[in-house]
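Listed after this line are the structures, all set down as structure tokens.
Each of the two complexes below includes chain A, the first together with chain B, the second together with chain C.
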Partner chain A sequence: MGEGVRVEQESKVRVETEADIVLARQQGRAIARDLGFTLGNATLIATAISELARNIVQYATRGEVILKRIENGSQKGLVVIARDEGPGINDVRRAMEDGFSTSGRLGLGLPGVRRLMDEFNIHSEVGKGTTVTASMWKS
Partner chain B sequence: MAVPILKQGQTLIASIQAALTDTDLLELRDALLEQVGRYRSRGVIVDVTALDVMDSFSTRTLRDVAHMTRLRGAQTIIVGIQPEVAFAMAQFGLTLEGVPTKLDLEEGLDYLAGTAKPGSDG
Partner chain C sequence: MNLSLEELQREYTSALRQHLVLSDEVTFQAAYEIGRRALVEGMGVLDMAAIFHRAMVAVSTPAGTAREAARRFEALESFLLESLSPFEMAHRGAREANTALHRQNEVLEEQVKRIAHEVHDVAGQLLASAHLSLAQMQKKAPQLRTGIAEVRRHLDRIEEQMRRLSHELRPTVLDDLGLLPAIRFLSEGVSMRSGLQVRIESPVVGRLRPPLEIALYRIVQEALTNVVKHARASQVHVGVEVHDGWIHCRVGDDGIGVDRSRASAGAPATGLGLIGIRDRVASLGGTLKIESGQDHGTELCIALPLESAHESSRRAG
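Moving on, here comes the complex of A and B:
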């Protein structure tokens, strides 16, 4: 997010169980629709949240997904922040590659989220945790 | 069991009714695999009309269902992928790799009826 981005409202979903993954993505879709995103774009956002929340449950045990409405001049958008204090990621560059997985999965989650959203940032420190920030602007 | 499985002749029909957790999806996979053997089914239709998202987990699980049931002699078809879900899968880069997809349940049943006929090209 650049300069002059105003944060409007926020909602937070605790993520610890599989049911929380579903809850977080449903909440994301509802907020996106409320903001006037098309059903297609709201589904992109919900899919991204599903991936990020699942990574939290799987690799960090628990964390949270924060959904914030953002505004930049006349543009409105939604930012998804997925945050945990889990083990962190050793090699973030590799984790962002299609097909890289330490758990024998598809390894498509993180690179997929980057493709789904307009802006994507990941910050991870081994032993401290991981924060992924991804936003989408209303076209 | 979160997803009811209907038996219609040699076909099993699983109609997903609402958003599913990962465990629900794995249970569906295992139930279908078990019932294909028990009922000697030749076809499986998974209706995903009510699924809110197709992410890496659900895509992988449905691919596994198709692969595992094929090894047991039954063909799996996915029907009812909604337009916004198709849009998101394409943007994401997720594919169902060789698993046949049809618009809806009716098309899926027609397709299976066609492939069951001797001499059809399937």
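Moving on, here comes the complex of A and C:
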């Protein structure tokens, strides 16, 4: 995100179980619809949240998903931050390649999320955890 | 319907039924997960559409008020979108991979061009210097004449080999003059080497996009090689024309033809060297048709879009 991006409101969901994933998706979808995203794009946002939250449950056991409204001039958007204090990713570049995992071969997982969203950033440290930031702007 | 598909169908129908009663995130998540599982198990978008259709039929109820019907349609749509979303993700991945493949192809052609240039020009200059040195040497030591003449013959052979290699890599006539002069040049070589009569017919003048010129040149090159190797033909015609935004290229011979059963399947095509042509055509969004009959010769009909899908979609978007 560039400068001048104003953060309006945020919602934080603790993610540990399947039910938490559903809650994170619900929050994300609600904000997306409220911002005026189309049904299709709101669905893609929910999908990105699903994939990120699924990674948290699968690899880090627990973590959190933060959903924020963002603004850049007249543009409005939504950012999804998925954060955990899990084992971290040893080789982030490889993790972002298709084919790194079974779901990756199909274009799902982290590379899939990157393609669904307008902006994508990942930071990971072994033994400390992973933070993924992904945003979509309303076109 | 295999077991896993039946199971998916049952879960999907039940989730849709719930969704219509109580549209909430749990049923959305279920739709998404079922779609994701279907994708992982190798099903396609059309399978998903069929699953959705069957589920919709199964949960159909008599129409209520207009408002109820509208709400129902909306719920159906959002549910369908959820289950298709994993396929959208996969589709974007495939599209990105295809673009990368294209770019890589361009980079490869660019490298080949550079190597061809180096081989032709740079090595050619070095050889010319070697000839000069030999000439000086002969002046100083006329008694070495026989030996020097032999070295010259070797150098000439090297130069000939390099020139051929350079042209095979990337004919400069293709870059400088375009497709048809390059095909004419190629055909002359084929005729000289094999005795095959090559007739070229084309009203096409001017230049095409470089990737198209390169692809068509390589296709004709491969096709002529096939004719020489397998067809036992005496004549071959090459036709190139443009119609409605497509370029059509035909290469037909009067040879023994290929057995239909052998030409259609994938494996025998390897032996006929058609795989390369097929891949090239496919990567440019074109079509390839092989017409052949025993003793009736063989004709390859290739059609390629003049404008790349990538460019036109970029323009549209």
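Worth pointing out:
The working rule: the second predicted complex is superposed on the first by the 133 of 139 C-alpha atoms of A that agree within 3 Å, B and C clash if a C-alpha of one lies under 4 Å from a C-alpha of the other, contacts with A are read in each partner's own complex, and residues count from 1 in each chain.
Definition applied: contacts are C-beta pairs under 8 Å (C-beta built on N, C-alpha and C of every residue); 3 or more make two chains touch, one makes a residue touch a chain.
Every value quoted in this text rests on a predicted model; they were computed, and no experiment measured them.
In the superposition on chain A, A:S50 contacts both chain B and chain C. When both complexes are overlaid on chain A, the residue A:Q26 reaches chain B and chain C alike.
In the overlay built on the shared chain, the residue A:L108 is in contact with chain B and with chain C. Applying the stated contact rule after C-alpha superposition, one finds that A:N121 touches neither chain B nor chain C. Once chain A of one complex is fitted onto chain A of the other, the partner contacts of A:Q9 are absent, as it touches neither chain B nor chain C. Applying the stated touch rule to the two superposed structures, the overlap between the chain B and chain C interfaces on chain A comprises residues 18, 21-22, 25-26, 29, 39-40, 43-44, 46-47, 50-51, 98, 106, 108, 111-112, 115-116. Across the complex, chain C meets chain A through its residues 24-26, 28-29, 32, 36, 39-40, 77-78, 81-82, 85-86, 88-94, 96-97. Residues 18-19, 21-22, 25-26, 29, 39-40, 42-44, 46-47, 50-51, 54, 98, 105-106, 108-109, 111-112, 115-116 of chain A touch chain B in their complex.
On the side of chain B, the complex with chain A involves touching residues 19-23, 52-57, 59-60, 83-85, 87-88, 91-94. Within the complex formed with chain C, the chain A residues making contact are 18, 21-23, 25-26, 29, 39-40, 43-44, 46-47, 50-51, 98, 102-103, 106-108, 111-112, 115-116.
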